[in-house]
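Next come two complexes built around chain A: one with chain B, the other with chain C.
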Partner chain A sequence: MSDPVVLLPCFVAVPLAAAFVNSLLGKRIHWLSDLLGSLTPLILLGLSLLAVQAVRADSVLVYQVGGWKLPIGIAMVMDGLTSFMLVTVNMVTFAIAVYARDYMERYTSKEMFYTLFLLMLAGMNGVIVSGDLFNLFVFLEIAAVASYALVAFGTERHELEAAFKYAVMGTVGSLFILLGIVFLYSVTSTLNMADMGQMLAKQKDTNLILMVSVLFLMGFGLKAALVPFHAWLPDAHPSAPAPISAMLSGVLIKTLGIYALSRIFFNVIGLTPAVSSILMFLGTLSMVVGVLLAIGQRDLKRLLAYSSISQIGYVVLGIGLATPLGILGGLLHLFNHSVFKALLFLNSGALEYATGTRDLEAMGGLRKKMPVTSTTSFVASMSIAGMPPFGGFWSKLLIIMAAVQAGHLGYALWAVIVSVLTLALFARVIKNAFLGNLDDRWQGVREVPAFMQASMMALAFICLVSGTLLIPGIREVFLNQATEIFVKGSDYSILILGNI
Partner chain B sequence: MPEKPEPGMTILVKTVTRLTAWLILLYGIYIVLHGHISPGGGFAGGVIIALSFIHLMLAYGKEVVFRKLSKEMVELMESTGALVFLAIALLGLTTGYFFGNFLPAGEPFNLFSAGTIPLSNIAISFKVWAGLFAVFLALVLLRIDNVGE
Partner chain C sequence: MTWFEQEIFYVDPLAISVGICIAFFAVLTLFYSWGYMPRTRGSLSYYLYILLTLATALGAVFASNLIVLLVCWGLTGVFLYLLIGYGTKERTPATAKKALIIIGGTDAFMMLGIALMGHLSGSLDIQHIRLTLDHPPAVVAFLCLLIGILAKAGAIPLHTWIVDTAEDAPTPVTAFLPASVDKLLGIYLLARMVLDLFVMTPAIYTVLMAIGTVTILWAGMMMLVQQDFKRLLGYCAVSQVGYVLLGIGTGHPLGIAGGLFHMVNHAIYKSCLFFSGGAVEQKSQTTDVERMGGMARQMPVIFVTFLIAALSVSGVPPLNGFASKWMVYQGIIETGREGGVAWILWLVVAMFGSAMTLAGMMKLVHAIFLGQPAADRQDTGDQSEKTPLLMYIPPVLLALLCILFGIWAYALPLKHLIFPIFEQELIFPGIWQPTLATVLILIGIGLGLILFISGRLAKTMRQTDVFIGGETLDAVPGMRVSGGAFYNTVQELPVFRSVFSLAQKGALDPYVMGSRITLGIHRYLGNFHTGILSTYLSWCFLGMMILFFVLLFR
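Moving on to the complex of A and B:
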């Protein structure tokens, strides 16, 4: 294990092995599935921290699967963006897995839940480390299919309906992506992303690239729930069990949608001004539409789902600006949103666990009965609304500053307005759920079990301190390395092919 | 007409199935084992193997099939197939690479050649036939009154 490049296949192999051992033995040995479910993300989190260290030393690591030379063989690539995403995904997943240990006791077949959960994690890690466009698609499908099943996990009528809708729309999105890959393969005769980037740079036929760009925008836009393609999300997220809502909103839409979209547009196709302005427009549109739709909701999880669309808009706006500052802000907001939206969904799960309802109008005064849930929920709400000491403030500030610097004053104004509306939205959540008088029927409500509390407190702590990622010294290790990959753009291919 | 018809289809179908189910199974195994030297492989062969069980179930009803192959056995085979495939990939690490070939490559076009590829094909075929058959079982066994309680 002296060579850090061996880390790369572990990110796929470890969760896959855990998932299948769990499906083999979990039904007979109950403690095993709890152990595997929480331990695997913890191991992966450790490995991703090692990966950050390795990237700091080497900047790019390339693994050739089976020893086949690039660009013929399948490549796995580790660079600054990869390690950034791996840390985000595995950290949030670990917190969610610990939470799920107690929460999922209310459902039958908990071991099946963990099998699907680990498969979804394997798919997401695979998307992140893949350096091969078709492998990226395969892992994307693994994660997506596992998530369709997880949305339907409760197997009641509305859950099956939401899962079916999600499955149909998700499959349509995947087909667009596959079609885009087919077109690219037909002109470049390679599937390796770095090699494909070099081939496309020589390509004269811009119409084809335009066509492929539109296909990818639709496909990955659907996975990321950008506004014209968002219809599946407000049904799928509330129907899933709370840990899965947190996974979907916290990491799945970012990995399958934003990471894959930006990796392909920045490093393979090359970002054109047209695509950049489309991304900014879609981002702003998602931001505004998401928050306006969220305001009217009574169902807490549905409200959070619409708010996810709005926050994803910020990330896409930041990345679409394509200036170093904008990308930095977008990535930091991606990290922050993973943490606070996962936390908010876990809070909503805790409220549902304790009271049995998600209706905001029916709750009230739960602050005294559920101190941990209400405090962590307050922290997350302030972070998502962009209040100064919390992480969300810094990332929104960076995005707005970058928009102003790039001369997009209109987009900056919308970002400020949406931030104010988000504050109003979450002030209402806090007021309705936790403040006010305690209704008589909630007298018997008790705080949720210890593991759920611990997981929520850990995420709340990260919300508080995530602003420190911007401090010089820490920023160079983590965020700057990821930003650099975007800034390098098409030079990424030279970096990888020169590294063998 | 008897009061309670025995499960499955008519005697014609049953007789033909008795002859063909084993042929289909054998053909599936052939496709899996020759995956590295002729068209086909673990996935295609696995689908054909699953079809032979589905064929049997359509003709004779589910009890006959469950006597040969229980639901637990199907689940066991599915997970085992995946784990064996992963184990082959991990054993490749002994050559220095994930999925590396640690067996002798052998003569081209021989049945016993191509290193780890035939073993991977067999592992994939287990995953595929058990998985596909489990999907079919889920569709057959799921009753609508179990849903939406």
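Moving on to the complex of A and C:
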């Protein structure tokens, strides 16, 4: 490939095209859906690894859609943070797509599932590469609308109810984001994020920025499920089919919520100390409330959904600290959480697939019958609970260290307490689901099909080794490049506009 | 960010001494497990976990970087969890979960402590950190690490996992981890902190001694009323940690050396007790003291090893338990020279604890090995399987070590394992010469034997059956004096009674209390999540309003 800039539109175009082809032909040619569903994320994963390489050489790539010059035209931007997010999203999506091949056999109209799935992926990739605030919103809506439909995919009573709640609350959040964008546009007369950043730096009207900050905190906070905007999540995530739960908790809330929130606050509006402390507070609140809500749940997927709120809190706390170490920890935790929470949802799906129940009290002793599910679930649980040497340990360590270094001993202490509670939570999951005596009911239970096993094993392997991302040499390529974008803050716009 | 380009491992006398002990117990455990564990397809992973535990424990001991230490330390916890899982009792999963939560949860606190130490001293290298405990953050860091140590070594109030593990895990696992390696690791880190990482203050020393004293008393009391012999040994293991803490808490080199020596000795005799107990358990198929008895006739070797270890743990001279306890007492008396009266309390409690240990151990010796076998077991005695030879090696070896380390305490363990840790020469003010004492004791026993034998030879004594009210013992099974019943009166004592009833409710177990509090909050928060959309939306708007006002009037 001669010029790596042409990679950029591919991240949106490839999944969109795949979704289109799939919706046309998937009904007639059955193997095509499966192929497109798994192949597209695989291609995108390859492209995002290429992107990491390209960013390493050039640090920032800007693609101008239709050849229109910036700041008038629409931009797609690739920098360290973008490539980091792209790798995370597409890698996890690929694993989930492989899993879905067997899992979704139980549902009718599998090809529709893949169309929506690919649309959601296109939306997420679009949010990540977009260098333009309005386009970011459009892609965000594409992903969100696809996810509303996917939550309702089972079309049972509770699924429709959950999807309705999710749709209403999600739309409210989107509207406030749109309102924020409108306000910003009215002041700066531009939608390009870099250009807007420069305009806002000259802007004196602090009250408007304050208003917009609140709108974005609420809107993106809702997408990221920060307490008190979290209430849709524990209904929506468990109701979806397991691969979609994994997508929602694993990557969607991070792309639509955390990524967009931090991109706008760090690189466009500029992070003020007040917003930084709000982020830390909301992060810690989510962390504590989420785990406390999770700890007594009997429904495994609902438990995992609440735990997602708690883990998102860690990410927001780390990023909200706004020190290089905190951001590094936050981003690594984002990556880890994508992997282990996706894996845990896939495990819960495997358990439901094999036993037909999600009730923790009804399970027990399944270790003997489902060795792969039990082992991978153990790895994911240890990782989320922060036991060494799994990935979650390293990110928690970095976040706690960063909080201590920044002088926020109280937040560090809460992070520790939540870590203990998370361990208790997942020790209970393992004990109730896999240990003990096998109930007679489950004598006939068998391990799930091969593709589901392969996908879970791959994710478990990543959980095991993701700590190596911190090793000097690897860290510079992947995590540091992403961290730098946050550290640069408002200087980011100069970097982009200078790169045209 | 230069934290990752650091020296990783580091060797010094303290690490070497502890490392030797850990490796020694790992080898013994492997031997014993080969005889004890059923040989199935899954047992390969069992041996793998034992070896990995050995590797990570050594890693923790020789770590120079605190993060490396934390990783290895945490890994031993994970392997402990996996190893407990090999137990076959009904409650094993619950016990494994409890152990994981207490051990892993306290690791999270250590994470905070290490982060604080790194922040305060600017380094994460053990060789470069030296924090003075005169400002709150340093004290918090110390306490965070202390939480991890108390859980690992099993002191009050984080000891509860040890007792459950002792009951529900396979015996070699208990002998390996909670009884020896976890203790060695915990005390290693405590010694490292006291000697190298922190400049201690008298207040912190007093905290250590207070924890030690409470541990001795509480675990000693609980020990007396247990009905399961492995559980009783578990409490005994906890109470011995109290002595180690007491010794290290004296802050006097002699006391610290005594504490470390006691740690080594404790690992020896407690493993010996568990190994011997495991052999008995395998033979009698029970761990309930009420249902045992008369095992001495069937397993004479195990009886002797158990007896030696039991006497040693009770601090009977000239065995090793006495040698180290003596040093601890000396250390306590040394602190008394600086004034104050607290040392008298520590000393009295330590001696009282010794007496309780002796009482508990005699309960076991009587209940398991002496007395009459329980009625339902009397006829099955000979049919049970033979104990493999491999299972004899570890207890016999450890019992020999108990004697050796007692009689030649200065020549062998102290000189080679303990003294190199200290830079200055240790001066012993007390007069206790184990070799001379042993000779005197042997002479005493010999004289007694001569008197006894000469008495029998002279035939001046009349020998007759035991008189029990005209009944013959075999005809009345109810006449059997079981080991446990005698000690039940302890529970009726006024002060003890209220304490025991509290313990029964779990009020003194942070694990039980913690889960109650958490579930309470969970139910309270759950009440708000009614599933009504308008409520959820109103939270969003309310949250937005609050954010707005916070930003506006900050």
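Brief remarks follow.
In this text, the second predicted complex is superposed on the first by the 499 of 500 C-alpha atoms of A that agree within 3 Å, B and C clash if a C-alpha of one lies under 4 Å from a C-alpha of the other, contacts with A are read in each partner's own complex, and residues count from 1 in each chain.
Note that in this section contacts are C-beta pairs under 8 Å (C-beta built on N, C-alpha and C of every residue); 3 or more make two chains touch, one makes a residue touch a chain.
Please read all numbers here as calculations on a predicted model, not as lab measurements.
By the touch criterion defined above, A:16 reaches chain B but does not reach chain C. Once chain A of one complex is fitted onto chain A of the other, the partner contacts of A:157 are limited to chain B, with no touch recorded for chain C.
When the two complexes are overlaid on their common chain A, residue A:171 makes contact with neither chain B nor chain C.
Residue contacts after overlaying the shared chain place A:59 against neither chain B nor chain C. When the shared chain is aligned, chain B comes close enough to touch A:24, but chain C does not. Number of chain A residues touched is higher for C, counting chain B against chain C. In the superposed pair of complexes, A:67 makes contact with chain B only, with no contact to chain C.
When the two complexes are overlaid on their common chain A, residue A:235 makes contact with chain C while staying clear of chain B. Residues common to the contacts of chain A with chain B and with chain C across the two structures: none.
Chain contact summary for the complex, chain A toward chain B: residues 6, 8-9, 13, 16-17, 20-21, 23-24, 63-67, 155-157, 160. Taken in their complex, chain A has these residues touching chain C: 164-165, 168-169, 172-173, 176, 210-211, 213-215, 217-218, 221-222, 228-229, 231-232, 234-235, 274-275, 278, 289, 292-293, 295-296, 324-325, 382, 385-389, 393, 396-397, 400-401, 403-405, 409, 412-413, 415-417, 419-421, 423-424, 427-428, 430-431, 435-437, 470-472.
Contacts from chain C toward chain A in the complex involve residues 1, 4-5, 67, 70-72, 74-75, 77-78, 85, 90, 92-94, 96-97, 100-101, 104-105, 107-109, 111-112, 115-116, 118-119, 137, 140, 514-515, 518-519, 521-523, 525-526, 529, 531, 533, 535-537, 539-540, 542-544, 547-548, 550-552, 554. For chain B in complex with chain A, the touching residues are 75-76, 78-80, 82-83, 86, 89-90, 92-93, 95-101, 147-149.
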